[in-house]
Each structure stands twice: as C-alpha cells, then as structure tokens.
C-alpha cells in the first residue's frame, strides 16, 4: 500500500506555542515521580545519545537506579533511596529523585569555562556550544552537583572529547516545545515554565505534602547557587536525594578563578618593576676586569689598576 | 687583535636540555594562556584546540628533556643539585640583602663576590625547578586523570589549582630569569646569554663580575680555560655589550626563541667568537 | 475497562489491587495524579511496596493469591455496616431476585451445590432463579425472509422480594442479597488478616476508605491487571471486584467501574476479535460440538430471551456473511458447518494445553504471530521440549525470539531437533497502518510513517500471501474438506493489493448483495450495529466495532472516518456521511474528560459502559458534577454527555424521535434479567466468588472452607505440572513486569536504551529472608522448584516484608520475567520455567502470580 | 648513556612526531552531538500519527519522517490520553527501527531486528536466508500436509471440520484488521487451538 499522508487536523509539533525568552525553570516534583525513567529515555532519544551495545555490558548496581550515575552519554538519571519509614502505613520511605544539571544562576561551570562554551542562555538555563568546547574538563571540578561529563574518544589526546550535560533542550524550547524530559513525563512530575511560576507551584506542593503528613517535605533550588533553574519538591526532605545541603563552588575553584587577576596584576607589577630596573641601569657601564692568578690580583683591564688583591694567606678567595 | 680568556661553564648536554626546556616552557605558557584567558579561547576555538594539542605534545618534551638529561649525565645532575644546597656564605646573605637596592640602583650598590651559583640564582632556579616539577605533575594528573585514569572531580580541581598557582610562580621567575640571565638588565649585559644559548663559555671579565670566587678558582686551576684571539673592537663588545639579549627581549619572546635557536646553531658550529648582530 | 484512562481522574477513591499500574501502565499515572489533585484518596494493595505504592495514600500488603479473601472481607464490611448504595442495589442489581432452593454452599467441604464428581464440574442450573412465569420471546424480525428458523427462548419473570430490606418476606433467605450476606459473613477482618497477612488496622482503614464510595455522589474505581487474573481462580477474582462495585454503586458512573488495565497494545482488539478457542468475534460463542453443533442450536441457546443480546443472531449471521460472502446462504446455514467446531475436550486447545498436545505428538504445526510463548507460558522448560516434537513452526516477529530459536536454548541440542522453523520478518507498527483498540475500548487509527526495512512485511501482507498459496494448493490438489477453505471470501484488496482499509469496512459492517466485492468497489458502510440483520443482507466481522469506520463519503480515506477523529466530527449535511473532519466546539462535554470526538470507543462510541447507572431510577445523576446521562423532565429528553448505554429513544414510523422516560430504560439492558448480577450461573466454578488457596500454597489449610484449591482448577492433573510442596519450597513467589521492560523482553531488550536503564534480570528479596539465606544485595542466586532452577541476581530490599499468615511467617519473592537467552544486548534466564502450568476453568489463564520456590545463593 | 647530538635530535623529533601523529589520528572521531543549534532536528519532516505498541494505554505518538526515514518519535501533544507524554518504553519506540551506534555516533538501523526471511532446517544449528516466495510455498505445503493428515470432519456424528494438529498463537501485537485476517485464515483451516496474549 502506498504511503498516504492523511491530514489529521493536527497542530504541528514544531508550532505549538509561541516562544518568548524569560527566566525559565524545570520543576521536578519527587512526590509525583513514579521513577519510570521515561525522561531518561526521551533525553537520550532526542539528543541522540548512544547506549552500550555490547552484550550485557551495562553495569548494574543491584538497584533500580540504572545507570547509577550520570555518564558520558547520560545527562539525566533517576535516583532511588530506601529510607526508614516514618509512617506505619508503608514499609519504607522510598525517595525517588532526579540527577541532572541544576542550571545554577551562579554556575561554577560557566565561570570556569575558558572558552565560553558553557553559558547562560536567554532563559537562564546553562547550555553550551560544543564547537567551542576544548575538552579542558575544568567544569567537572567546578560543579557542586558533580554533573558535567564528557563524550568522545576517551584517550590521552583529549582532543576528541566535548562536554556533555543537560542543556535544557534550547532547540526544543525555542520551537515552543518543552525539554524532552518534561514533554514525556506522564505523571506531571516534570514541568517547565517561568521560574517564578515553577517556584510558586513547588512551594504550594511542599505545603500540601506537609499537610498530608510528609513533615520533611521541602523545596530545593530557590536560593541554592544563586537560584537554580531546576526547582525540586522533595517529598522526604533532603536526605533521600543526591543533593548537597549547602551547595557551593569549591574554594579550589574559586581560588583558581582568583589566579587569573592575580597573575595579571603580578605580571604587570613584574614588568613594571623590571622596567624600573632597566631604566635605572641605563648608562651603567661596568669596568672590565681580569684576574692575575699568579699574584692573585683583580685588575682593571682599561686602567691596569689593581682593583682588589686576594690575600690567599688570609683565607680570601 | 687581543687574547681573551673564557671559562667553559656549561656542558653541551646542559645547554641542550636547558634550551629545549626553555623553548617548550615558553610554548607551554603561550598555549596555556589560550585556556587561561577566556577571551583568547572564545575568539579562536579551533586555534585553542590546536594549542591544546600542542600543549600536551610540548608538555611531553618539557617533561622528557630533564629526564633525558638525568639519564645522559647522572653525575653532572647530582653535582648540579649539590651546588644548590651548599651552605650560604656571608656573601650569599649579603647578596640577598642587597638584591632589591642593587636592582634599582645598580650604579650605586655593588654586589659581593659569589660562588659558582649565586644565592639569588639558587632561589630563582630552585623556584623554576619546583614550579616546573609541580606544573609537570599537575599537568600530567589533569591529562591522565581526565582520560585514562578517571580521577575524581575534586582531584582534578586541586590539580588545576596547583597548575594555576605554579603557572603564576613560573611566569614571574621565567621572566626575571630571562631579564637577568639574558642580560636585558644593563649591568648583566656582556654575553651571558651564550652560556646557555651559545658555546657555554663565559668571558673572564663577566665571570669575575658575576661569580668572583668561582672565576678566580677556575682561572687559577685553568682546566676550563679557553683562550681566543679576538679583534680589539670586539673585545669590548664581548665584555660589556650583550645587544643580542636586549634585542631579543624587546622584540618579544618569540624572537628570543629564534635567536636562541640561532645561538644553539652557533654553538653547534663552534664558530669563532663573533656573534652576529 | 468499563471506563477509560482519562476517566480515572473522576474517582473519589482509587484502588489498585493486582495492578502495579504506575509501572506497567504509566499513562495511568497522569490520570491518577489528576484525581489526587482533586482530593481523591488512593489505595494500593500489593504484596510488594512498588513504585506505584510509593505514590499512594494508603499501602496495604497482601499475600499473593488471596484477593478473594480481601474483597470478600470488604463485601462483608459493607453489608455489615450497611455502607452499600441501597437504591442502586435495589434498582439496578439482582439482589432482590430469588434463587432456587437447590442453591447451597458448604463451608465444610468448600463445594457449592450442583457438583458432579463424575464429570468433575458443576451443574450451574442449580444456582438459577426461581421463575414466576414464562412468555414467548419471539420478535418480529425473527420471522423475516432469510432469517434461519429457530425457536427463541421464553422470557422468564423471576420471583423477587420488594427490596433488600424486605427481611420479613418468607422468601428473603432465598434472595440474592441474603445469600450473599450469609456467604461473606465468614469473611471477618480477623480471618481475612489471618489469610492475607496484613494487619487489622491497615485493612480496616482500607475497607473504611473504599466503602465510603457507597455514598451516592461518590465514585470509586478499581484498577486491576494480571495480578488479579493470573490465578486459577482469576475469573472469580475479577468477578468479586464487580460485586464490590455494584454494592457501592460504582459501576456505570464516571470515575467508577472495574478497570482491567490490559497488558498488550491490542490485546483488547485480539479479545474483541476472539483470537481465543471458545469465542466468535464480538464476544459471541464459537460453535462447539457439545453445545452448538448446528446453527439452529446456536440460535436457540446463545441469545438472551430479552435484553439487547437477543439480537445476537444478527451479529452471528452478519459475521458468517462477511466470512463466506455469497457462498453463505440461509440454505447452507450461512456456512456454519464449514467453521471448525470445538471438540469435547476444548480446554486442551488453550495455551497451556497446546504444549501438552505437542508433547503428546498430536500438535505438529504451530504459528506464533508476534508472541513468544516459549518465554511467556508457564513451565517454560517443559514447553520448549514439547516444541521440539513439532514438525514445523512459523514465527512472525521483529527479532529472533526465543520461540523462534527454542532449539537453540542453552540446554537444547539442535542436532536432535527436527522442527523446521520459519521466521517471517514483520513490519513495525509505524511501518503499516490500521486500527488498534486500547484498554478503554478506544479504536484508533495508526498511520504508516515509513516503509518497512528491507524485506520486512506487515502481517496483513504475510497473511494474504499465505492464504493465497494455501487456497491455490487446495484448488489444484483438493484435500481434506477443501470447501471449508475455498468458500471463504477473501477480497480485501485495493488496486489488486492487500490493504487494511477493506478489512476495516468488514469490521465496521456493510450492506451486501451477490455482486459485492470489496476488492472491486467500496460497499455501502453501515452507520452502526443496530442496522445489522439476520437475513443475510448485511455483513460485519465484529458487531461491536459497528460505526468506527462508517463514512461513505470516501471509504478509502481513513482520515475522515470516526476512528481517526481528533476532537473533530464528520462534516455532513444529512447527518450521516460527510466529506471532511471539522473541529468540534466542545471537546469535553460535561467536563468529565470523555473526549467523545476523539477516535471511536466501542460500542457505539460509548465511553463509559452501563452509563444509565450513573443516574437514579428517575434519571437524576447521582453526582450532578459528573453527568454521563441525565433525564431532563421539563424537556422530556435525555442530556447525553456520553452515548447512552440503553434504548433512550424510539423512532416512530414517520421518523419522529421521542426519548424514552427513565423508568423504561433499565441500566443493564443487555442482560437477560436487565439487572447486574451478584449471584450468577455464568461462571463454571462458583455462583459467588469463594476463597481458595493457590495451587502451590504456603499454608496448610484454607481458613474459609474445606477445599484447599478450587475444585475446578484446570490442568492440575497433568504430569508436567510437578506440584511443589510447602515443606520443600516454603517461599511464595510471584512474577511481574517492570516499567523499563515489557513481557518477554524481545521487544524492549532490542532497544539499547532500555537495556541501559534496566540491564539485569533480578529477584526481589526482603531483607529478613536474605539474611536468613546469607544473600547480599546483588548476589547471584538460584531460584528453584520441581519444574526447574533459574539463576538471577538478588535485589535485597525493605520493600518486601514477610507476612504473618496463620501464625507462621511467610516470605515472598518477586521475579521479573523479561529475559531469555536471545538478544545481542542483554540476556538472562527464563523465569517462567518455574511457574506452574495450571489454570482457571473459565478463562484458562495460568497461575503465574502465586507459586512456591526456594532460593539459595549461587 | 652517551647521547650523541645527532641521536638526541632524532629522539626528540621522533617523540614529537609520534605524539603528533597520535594526536591527529584521534581527531577523526564523530560526535553524536552537534552543538550547532542552527540545524533544527525536525526541519523538513513530515509527521504521521501512530499509537504506542506497549501497554494498552493507547498513547498517541508522532513519527517525524524526512526522506522516508524516521527522524524522531515522541508523544502526540494533542492526544487526550497521554497529552504528549510517553513512558520509557514508548519513548524508546524510535529504537525499534533506528539506534545510535555507540562506536561511531551514527544513526543506524537496529542490528537486532530481523529484516530477511529465515529458515532453520531440521537438525541445523544455524539460520539460513530464504526468499519470501520459497518460504510461503514451503509453509503452505506443511500446512496442507498436516491438515490433510489430521483433519477430523465428524465427532460423534456431528460435523466438526477441525484439525487438532495446528495451533495459532498471538494477535495482541497486530492491528485489528490483521487480527481478523489471521483469525480468518486460521479458523478457516480448521484450527481450534487459537490463542493470544490475553492470558500471559
């Protein structure tokens, strides 16, 4: 049968919503997440990230958390933690979380990126231009959430690798679509929209969870790292999720950042100092000396005067 | 025509190692700047990527050369380091005390005689060696840790900090070293650049000025003395004008490298002492 | 589902029991969350604390295989506390009907009356009604020309009591209500907890919460899946949910119903299409040697005496006309005898039995159409060895499944296996077009997006090639009963090529005469199934699909058919057929997410079946905010947000339509008694669900009656079953699916990304059992019983807790079943080597969900 | 070790050339990601609607096709049941046909899929390729032989016209039209052992 394209009166995928730049955020509501990992698959499929193809080569950590951590080709993973139950009506407090780029306002990775490959886009999300990435890996150490990974041939040359982390799907967003993970989320645990709106929804949800008896329910990301662009509703509080309590850029990274101005200033001071020395030395002409090793005399070549006598007996040298 | 005495101060191996390390160090600094200064990298990602490759290749040379040197002359290296750990003499202390005034007022402040390695030199060279070592270690850690070894992000951050910190030190001492050793500084003019980038010989006059104790010992001993006949007008130049160094510094570091290459060639040719201008 | 997925959001209380719906039907999470956001409460009853349970308000553990005890206790709780929706029960159910005196249940033995030890079955008429009087059931159409002659059933008037509170009536004790009340009085909370293993406080909270939906305006929905059905009393598990829903007035309302979340994309369609031993498409009976040896016998026994199912003869004859075309005439009983009839031992032809037939050398050839029974059927090791006795095997699939390569299993020796195996590369679902039915009975059109890769072909093309070749052979050579083959109508062509569109016409129904040839010209499509006739002038392959593809403006264009609607309607002047689709002004009438202008929901685009029951006897909706249908007494007409599931109007000779008043519109008008049934004669094994223990049970005795297993368990006597004893294998095992993989994994393990997010087969073991057995998380373990032993990795978790049952601690383990030895990305072993090949007497479904094993560290 | 001058330069040159050659050889790896945001993934694609092939939810999907090849598959945002969402299995439907090669980063047809007719002969331990025509002829012959040899036309005097020797399993994966055709073929052959995934 020949392929017939039936017109089904459908809104074209690419023309769904008008796009307007504003500060946006992804909302992750752990109390709605069923841990299905659809987001992980949608991310891989949209961004064309490969999965291992060799037989039984994928590592398994005896957990539903697979892959256990972010990886060169894994920008997003769902975490599972079994905490002690705080209710008689469940055997365990099963915290289902999400690990991916938090899209910080004070983004360590953006700060350290030497080439500007990593940057904040118009929506406030931290995205990157892989063509500018030189694979220096500085962003790895700069991220308090241990997010950035690199893809490409993982070898000594280091020339074939590029940063790979959640971009927030700016290509989709600019075409009026949600990021791939948000689009696919069946229970609505992921939402995308104006950050202020997402924060509002998160706070309401956390309050509702508290009212339902989840006393540790909280919101994460409002102020962390200057405000992240992924806002979390944590059903069981911070302990169940792979999130640092007080994320900050490590002092090492900050110190490294100080190094640049220090070096600049240092270099200028050095050049200035040496310049002064150079100037002070202009016009100096030292006398040419020679040594008479027989008499142990240092003699001015031009005048023939003995400048200094070395009294060997006295132990002079 | 006049006879001028020279003292053979550095072996060929030393000069070759120093020269290669110096060139690679300069190259590493330049290519490193591409990663260090965002503006440069952002403007030229492709060039930066190329620089990154060269950084690693040249890094290998930078690390390998001293090792080749050690293998080539283990005894020499041992002796070399011994000199750096000699006890400081009162003159050494005096040198350090007078260093800053001397640099700023060379006409008025004069330095005492020195041994084969000046105390200031010991500090400066030591810093260069330490910086080089730390750069090499942290560089290797960043490189291998980011590829084959999969070091933790924390380790990499620490290594990067070390790399940056010693880059700072390195820059300071390399520039200072070139300023003085290359004879940019007026009182240091007189062909010391040829010690490393030339035939490794120092004229009697320069030796007496810089390393009085050592010069006199060597002259008395005579084993390393080379006597050459030079035209009269050139005699002065050898002793007091080291325009080579000045020119090189003023036209930029790259020119230094070029000139240095030339100097090496000269050394290899063992041309009669008639440095080209 | 009696409702549909979006309708879950209308529930006040949701109960997932026997369904891990968030993991295995992830789209349900969307609608469950909407219900929760609107204030609903969600209860999950499951042996394991699943991802589904993690989202619920109340989690209640249960021992696998004890659902009837759980629901029986709920029924007892409702009746004891009078929490039923009384008006609903009185008006819409058979609670007030009187049952014959011969009905009896003996808790001492566990048997109902009517048991015949010799035949090993019940005479279900012992559970029938007390009949008051009988009248002739003939209707006018039955005597028209072309309609086969038969004597219709008499319409019986059943004796009743006035209401369920008519306790003073001397016949009260024979009433369905009284029988039910007494039957479940044994199911006290203490007994239920002792059987199921949960604690009384949790159970009571669950009962109290769910029973609250007995309030008329409240709705409660039950979601179930294979956790309920895969037991040797799986059909009774399903029935008892119906009883609960009828008691609480939750059937036929928005946000209610008994909702089977079905496991395969078009298993609803396959069931509708009767790809089952005993069925004819549209839930009619397939002819059998024993009950329906002739067409006349079929017509005299299968239709109801009253109710809509009195029309079943029309559906069958239209079906035969579609099957045989002009070769089917009233004189040859419309070809009835060409159809194969199910022989006496029909049950042996169901899935479990077929492997016995292979083992016995009776079955020599086998087709597997996109199914992988070597992995998915119970007692898999026995099955693959039985398959080695086949002469030939044909598999149509996307990958080399374990079924196709059974001879290549690690324990098989190919050189000793003489089966010739053909693997037909099939097209993917987006490499062909056609119709698919979802669990909510929505028929939707699939568009072909790309050509199949290489030589892969759609199944319809494969079928066509096969059929033409076989027909050619019989044409040329003759053979056994060639007329059964050569009389078949096979004209599903467009421009000479096989095409799903003419088949869609057949499924919808069309008018015929002797010159009808679908391959030459499009027929006149029928608007719906009410136009079907028993006189041979209409053809229809499956009556319930009538109306899904009925636009005569261009039968070749699926896009203008109801099946392809996208919040659109067919634009037509005459109200019947039109040229194009136009957007509807209101896609959600009544704001209850029926979406009637999206695709087509069988029957007749009805979204919630039995919807008359959503309003009271006077037609006033129980809940004014969730109106499916409502009687507007001022206008004397029905407000219809959904298509009414009752004869809501009458068309006079002159064409004027008047709406029938509510009292003339019974809620369960398809049933013979026009009421929903609590006690039934429709099941082979019990008139009321009764708790029995799984075939392999960890307990010594059934606390509720004297029989350990259901008396009618199927296939238990087969030698291959190798029953395991609790003394040898003390651990209860259950099998299940996870959200990352699907069924036998042939389809999902071929996707590297799915292998990445769940790379290994595992067995979930509670911490206590793991400690007892010295098993650490991640260890390889051997799971074994009499049937086989299987290796997999342990996932030790707090989420499975041991239960205290009859004073003893019972451990449970759960195994996923998505792996086998095939595939290039991820391999494992076959979990179903351990499951027992015994089944249910009504549906023949195997008992995968509760059996015994032991575990040791590998 | 006596390092001659010539030898030294050679060594240095070799080291440099060696490492440079190594560097250059590793630069050809293809990237799965092209950070260039200019080329919109769905540019010039045609869209076809379909329904997910996993659980019975009936979620709508949109297949984006360019030049006859599947480019993307995701949830149909207009669909009232799933509103554009898909579970992991549904979201991975793309991979049934196309996957990203983990070695090259290229999109390739899924190598696990079977796209040519195969036969396994009695006693053989390998598959062999076969033409469709040949395969259909062989199957038809098998069916006829088995049916003719085992056909039962009467049981206890009742016309029954069946064969107990052939079974047909499956149908829940196919479209309804195909289910009807499969049913019609199988039943017309006299097969009673018809079953599908409804029970498993």
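Going by the order they are written in, the chains are A, B, C and D; count residues from 1 in each one.
Note that in this section contacts are C-beta pairs under 8 Å (C-beta built on N, C-alpha and C of every residue); 3 or more make two chains touch, one makes a residue touch a chain.
In this text the structure is predicted, and so the values were computed from the model without any measurement.
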(request) Point out which chain occupies the most central position, where each centre is the mean of Cα atoms. (result) D
(request) May I ask which two chains are joined by the most contacting C-beta pairs? (result) C-D
(request) Give, as an integer number of Å, the spacing between the C-alpha centres of chain D and chain C. (result) 28
(message) I'd like the Å distance between the centres of chain A and chain D, where a centre is the mean of that chain's Cα atoms.
(response) 37
(message) Rounded to a whole Å, what is the gap between the Cα centroids of chain A and chain B?
(response) 39
(message) For chain B versus chain D, what separation do you get between their C-alpha means, in angstrom?
(response) 66
(request) Enumerate the residues of chain B that touch no fewer than two other chains. (result) 53, 56
(message) Multi-chain contacts only, two chains or more: what residues does chain A have there?
(response) 5, 8, 10, 36-38, 40-41, 45, 50-53, 131-133, 155-157, 159, 186
(message) Please output the residue numbers of chain D that touch at least 2 other chains, ranges allowed.
(response) 23, 48-49, 73, 78, 82, 85, 87-88, 90, 92, 95, 99, 102
(message) Under the definition above, what is the set of chain D residues touching chain C in their complex?
(response) 48-61, 63, 65, 68-70, 73, 78-83, 85, 87-90, 92-93, 95-97, 99, 102, 109-125, 127, 130, 132, 135-144, 146-148, 150-153, 155-156, 158-200
(message) Looking at the complex, which residues from chain A come into contact with chain D?
(response) 5, 8, 10-14, 16, 36-38, 40-42, 45-53, 73, 128-133, 151-153, 155-157, 159-160, 162, 164, 170-171, 174-175, 180, 183-186
(message) Quick check on the complex: what are the chain D residues that touch chain A?
(response) 22-23, 26-27, 29, 31-37, 40-42, 46-49, 62, 64, 72-78, 82, 84-88, 90-92, 94-95, 99-103, 105, 107
(message) With touch defined as at the start, can you tell me which chain B residues reach chain A in the complex?
(response) 5, 34-38, 41-42, 45, 48-49, 52-53, 56, 103-107, 113, 142-144, 146-148, 153-154, 156-158, 160-161, 164-165, 167-168, 171-172, 175-176, 179, 184-187, 204-205, 208-209, 212-213, 215-217, 219-220, 222, 236, 239-240
(message) So in the complex, the part of chain C that touches chain A is made up of which residues?
(response) 22-23, 26-27, 29-30, 32-33, 49, 51-55, 57-59, 61, 201-202, 205, 432-433, 445, 447-451, 494, 497-500, 557-559, 564, 566, 568, 581, 583, 738-740, 752-760, 762, 777-778, 793-799, 801, 823-827
